[in-house]
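For clarity, chains are labelled A, B, C and D in written order, and residue numbers in each chain start from 1.
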Amino acid sequence: MIDSIAISTGGGDAPGLNAVIRAIVRSAIKEYGWEVYGIETGFDGLLETSGVRRLESKDVRGILQEGGTILGTTNRGNPFEYPAKVGSKIVKEDRSDELIANFKSLGLDALIAIGGDGTLCIAHELFKKGLPVVGVPKTIDNDLAATDVTFGFDTAVATATDALDKLHTTAESHHRLMVLEVMGRNAGWIALHSGVAGGADAIVIPEIPFELEIICDHLIARKRRGSRFSIVVAAEGAYPKGGEPFYMQKSGGKDGPAVRFGGIGMWLARQLGLCTGMEARAVVLGHLQRGGSPTTFDRFLSTRFGVGAVELVAKEKFGEMVCFKGRRVESVSLEEATANQNLVDPEGEIVRVAEKLGVTFGR
Amino acid sequence: MIDSIAISTGGGDAPGLNAVIRAIVRSAIKEYGWEVYGIETGFDGLLETSGVRRLESKDVRGILQEGGTILGTTNRGNPFEYPAKVGSKIVKEDRSDELIANFKSLGLDALIAIGGDGTLCIAHELFKKGLPVVGVPKTIDNDLAATDVTFGFDTAVATATDALDKLHTTAESHHRLMVLEVMGRNAGWIALHSGVAGGADAIVIPEIPFELEIICDHLIARKRRGSRFSIVVAAEGAYPKGGEPFYMQKSGGKDGPAVRFGGIGMWLARQLGLCTGMEARAVVLGHLQRGGSPTTFDRFLSTRFGVGAVELVAKEKFGEMVCFKGRRVESVSLEEATANQNLVDPEGEIVRVAEKLGVTFGR
Amino acid sequence: MIDSIAISTGGGDAPGLNAVIRAIVRSAIKEYGWEVYGIETGFDGLLETSGVRRLESKDVRGILQEGGTILGTTNRGNPFEYPAKVGSKIVKEDRSDELIANFKSLGLDALIAIGGDGTLCIAHELFKKGLPVVGVPKTIDNDLAATDVTFGFDTAVATATDALDKLHTTAESHHRLMVLEVMGRNAGWIALHSGVAGGADAIVIPEIPFELEIICDHLIARKRRGSRFSIVVAAEGAYPKGGEPFYMQKSGGKDGPAVRFGGIGMWLARQLGLCTGMEARAVVLGHLQRGGSPTTFDRFLSTRFGVGAVELVAKEKFGEMVCFKGRRVESVSLEEATANQNLVDPEGEIVRVAEKLGVTFGR
Amino acid sequence: MIDSIAISTGGGDAPGLNAVIRAIVRSAIKEYGWEVYGIETGFDGLLETSGVRRLESKDVRGILQEGGTILGTTNRGNPFEYPAKVGSKIVKEDRSDELIANFKSLGLDALIAIGGDGTLCIAHELFKKGLPVVGVPKTIDNDLAATDVTFGFDTAVATATDALDKLHTTAESHHRLMVLEVMGRNAGWIALHSGVAGGADAIVIPEIPFELEIICDHLIARKRRGSRFSIVVAAEGAYPKGGEPFYMQKSGGKDGPAVRFGGIGMWLARQLGLCTGMEARAVVLGHLQRGGSPTTFDRFLSTRFGVGAVELVAKEKFGEMVCFKGRRVESVSLEEATANQNLVDPEGEIVRVAEKLGVTFGR
């Protein structure tokens, strides 16, 4: 018998998190009369005394359309490797037993863990140790194979496409080459979708290492045909054939931030500017992609995921995660959920669609 | 061998039409070197001399993000029942043979017909008479069973949800009951999606005839719990149990427009205002839902459909229509495409999700 | 010496009200350490026991960008003519003394009344009877002569212009004539600004009674020049020369709502459709114009007004109202503030600008 | 007698340029029957043979709402110091006489030069040498004293405020400090307006050199009061007291781009992160601020400026520039127009408003 449940949000935030929380709280209370608790800042909240609070319907009023998460989130917080200070050193401790003990001492019957790959793996490990947990997938990069799509992605693509629309007019007026760097370390989905929706001339993604010369030739040919500007979209993790992703490189010294802020976007602007003879500029969208009000698509999907997660708990299908297949919300085991990444298929339909429209991937 | 193709757009316009046209023109020219022609205002353009014009890449520049259709559209124009004036009367003529003859005399090898149910049925009939045609589904109401989703719908839902967001703040400030009437004569998808994404308290759709009393009781209970405002979304075709849709009613005389503009939305505002004792107001979104720049979701899907249609032509798969299944663009015969409507399932997951959140459908 | 102040919001809501409230609360607390109280639903809150609550900084967190007012508002509530039930009749009572007595018994030292013409007149009368009050002008119609501009107007114009952008694409695709009806019973500012910003072909406003024939001729001439669609913006209070505003007409009987929802917009669509031979449609924006997140212009102005009102209180300049002149926030007496309306000058620069661009006003 | 006029756009692009061009073309043709020519890429177009083209009404159809300029623009192109290649060196030539001669040989009677400080100064010099020119002020930074406001600024502020809204939710979820770097090398208007409208906690602008310690203390105090995130807006030209603007610094060598992309925003994120112990991130908005569809405010003002410029030409008031004062479009001599900058007054009302709300400027 379920009486009270808890919710946690982990990993980078994504538009739609609050809509999931709202749907969980409202349907758990209305359908089942459960008590609902929110755990602050991911799993951390179960290892700290002040990290759990009651959530009533009124607490989720008006958050459907708000970005972020009212519970806070964090990228740390793996309870199996929890950072601890021993003297002046940071060491890692396994505090998973403590977490489960705390969970039980709070009288909680189930946990709904909303998070990405990392969070879901931890959830799976905790499930194997006895924690009654179900998952809700959150990946703004859309890189989970177990679900057709997840929330946050549509909003991130919309933000990137809106930026491309803005860059188009200024590129055209100034006869410039503009490079937009978007999120995507392993998967190029945001670059691919926004590039197609925003009418980019070249798109570079991690799944297709590019040859700079091919992109140059493409842009020069475009210029010869009379187009006096060009737009390039670069996924953060894209890299030239034979090279490696920029965000992984060390800059020969301790100057980490310079690399952090001088990634593939700026490198491409410099290189393409030189080879095409065009004035080139880069814009790095960065954290803007995680923020803002979710699109209606994301609000709708988040709401369905939230209600779906409550149903999994009601049926005590622990160790499962909600997912979206075709037109339906279904579920899949956490084990399977985290087994495969959803990467762009270099020979798939979407890449081919882009190429048929005249977009180059530098291959 | 295909050398030249034509495009037509029929029925009510939908955001994304221009993106489909752009994708067809660009991929037909780039991949296959075909000549592409645009037919003005649906099939009508093939029955008039001035209705066909060449489309080059430059003609589709910048239209990806624009609403509407550069080809114009119309709701008349069934060539099998074409309106003709005989004396002072309007009669209907079958001009389908003439249409096909005109098509051939223009030296065209294939037609890509973009349209809804009506257009696709005509396309199918023309195909049976020998016209080499492929279809692209366009239905802002999302009511075609043959495709998981089609373009225009996401934008229409976004427009409706944006309106709900706006009504929320004013309803809350004035302690009012606001009713938003949205499109959907047969299918309540727009009302359902926008209602869930926009946090409505009641949703009425054609698939679930409602009982006014149930909605009243729901809103009164809500008021008693301290919520001093309420939001109701009504699909144009919704109607009370035992009644009939408002848009079909004649107002006792010839005064059609009075009915046209006094539909379910206003009726509900009046009735619910009376029974709840709240100040009630209605807003009819109307044509705003068809306009505006397509969302990135619609731009992306439209582009894939356009390229997919060109592929169908290249493979000479005439009599087929592009459709979307799961994550993929596929095809289906025009016959099958128009056989079934996609209606909201009153017992389906989405309606149940809404009810679990506390939304009433008046049942 | 000021120790505690109160805020009320009256009249129709306008985007930016919450930003004013936030600015008052934050600056009153930070600069002066005052206690701040919010009065619910306009002056009514001072005539009811439960209508006053303390506002702390945390209560105004996150409301800067929200439409509506956290205090609620109302269009009733003139304390000099307060509706009371005597037997089965509604009579009007002067409860102004009671209001002032209640105000004093709460230990309040000053009131900041945010509202339009009606609210400011009442504030002025209460000031003359001894209430220490300052005003903040709120008129979404921009019809107060005492201030160059006030908040809410820019947002309403933006909403109307966005609607025009949407109608443009659908009008163009369908070769239609679209009429958009916007707010403005006495002043045509919203119609004028949105019409110019949205590229309308005709604009009708209360200040310039129009001749239907002139508009018809203009649209027919436009059609002859090859433009197959037209856009008309109508202020709610516009009317044909020799006629009277539609919203004032009774429909020959008790059917008020039919008139309410069948105003100038629908009448124009019908008439212009007949005389031009075009398919015509009307959209009535209605309450959408009051809702939504304020534009940055309105957020900025609201914030300055809020702080400005606190300064007036600090200087004990009661009976004054903040206003905007040129680039500066200044103040003006409530008497002067409500003396003159700001109407569109039929011979002024803006109307002439529109006419020079080819817009007709039907004169 | 005026028969034909020309338009040029110079300097960085700004939303609203196309609306100005449209208003000029339409009103010049409709009111006066003039021929209108567009000069490509600023004054350069008059020094090259292919740089001038006729503009008809149809050429400006649909551009009212588009960002950028259909004429192209450039930051080079001072005809008094025109770059020329002599052997392998670039030297500067005075080609102003040639420009005026070309202008006359084209049979043009007047030039409307739309541009910022640089363009208007050149226009003034050319006027003194006999060119019949009027100006339209364009400065996205709002730094011209001769006009209360000019187009492009409102849109840039809206883009920056939208970014702040997005950063708010992600900052709050992650308990982070986010720094947004916006345009403004000499004038901090964009930072100030967007910072106030977007609810920033600290704003740094060129007019008020900041002390890092004061900002740190402010953010730490905020943290102690329970606010777990903070938002800082930095104008590009802001700098610490005793230091110099970052964009002017050379990075010890030839590596210009590293400085270009590592400006005040990133420096602040690093420094404030260290002193507050918060995770800090920076976003550089860059070219996004110049792009996109103009706000209705900017569309409206641009249109009035365009018509106003045509009126100046009709009255042969050459050497003048349109400007905006209070509620009216007026004119001012080009000499006066470029004489004074409009900088933020460190003791002015707006800065004080921000401080009263609890914003720190680091002083």
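Note that a residue touches a chain if its C-beta (ideal position, glycine included) is under 8 Å from a C-beta of that chain, and two chains touch if they have at least 3 such contacts.
What you are looking at is a predicted structure, and each value in this text was computed from that prediction instead of being measured.
S.K.: Within the chain touch network, how many edges lie on the shortest path between subunit A and subunit C?
M.R.: Step count on the best path from subunit A to subunit C: 2.
S.K.: Centre to centre, by mean C-alpha position, how many angstrom separate subunit B and subunit D?
M.R.: 42
S.K.: Quick one: report the Å distance separating subunit A from subunit D, using the average Cα coordinate of each chain.
M.R.: 35
S.K.: Measuring from the mean C-alpha position of subunit C to the mean C-alpha position of subunit D, what distance in angstrom results?
M.R.: Going by mean C-alpha positions, subunit C sits 32 Å from subunit D.
S.K.: Counting only residues that touch at least 2 other chains, which ones in subunit B make the list?
M.R.: Counting only residues that touch two or more other chains, subunit B contributes 165.
S.K.: For this structure, give each pair of chains that are touching.
M.R.: By the stated definition, chains touch in these pairs: A-B, A-D, B-C, C-D.
S.K.: Touching residues of subunit B toward subunit C in the complex: what are they?
M.R.: Those residues of subunit B that touch subunit C are 9, 12-13, 15, 17, 41, 66-69, 72-74, 159, 162-163, 165-170, 172-175, 178, 228, 257-258, 261-262, 266, 270, 281-288, 290-292.
S.K.: Under the definition above, what is the set of subunit D residues touching subunit C in their complex?
M.R.: So the residues of subunit D touching subunit C come out as 23, 26-27, 30-31, 64-65, 148-149, 154, 157-158, 161, 165, 193-194, 196-199, 295-297, 299-300, 303-304, 307-308, 310, 325-329, 349-350, 352-353, 356-358.
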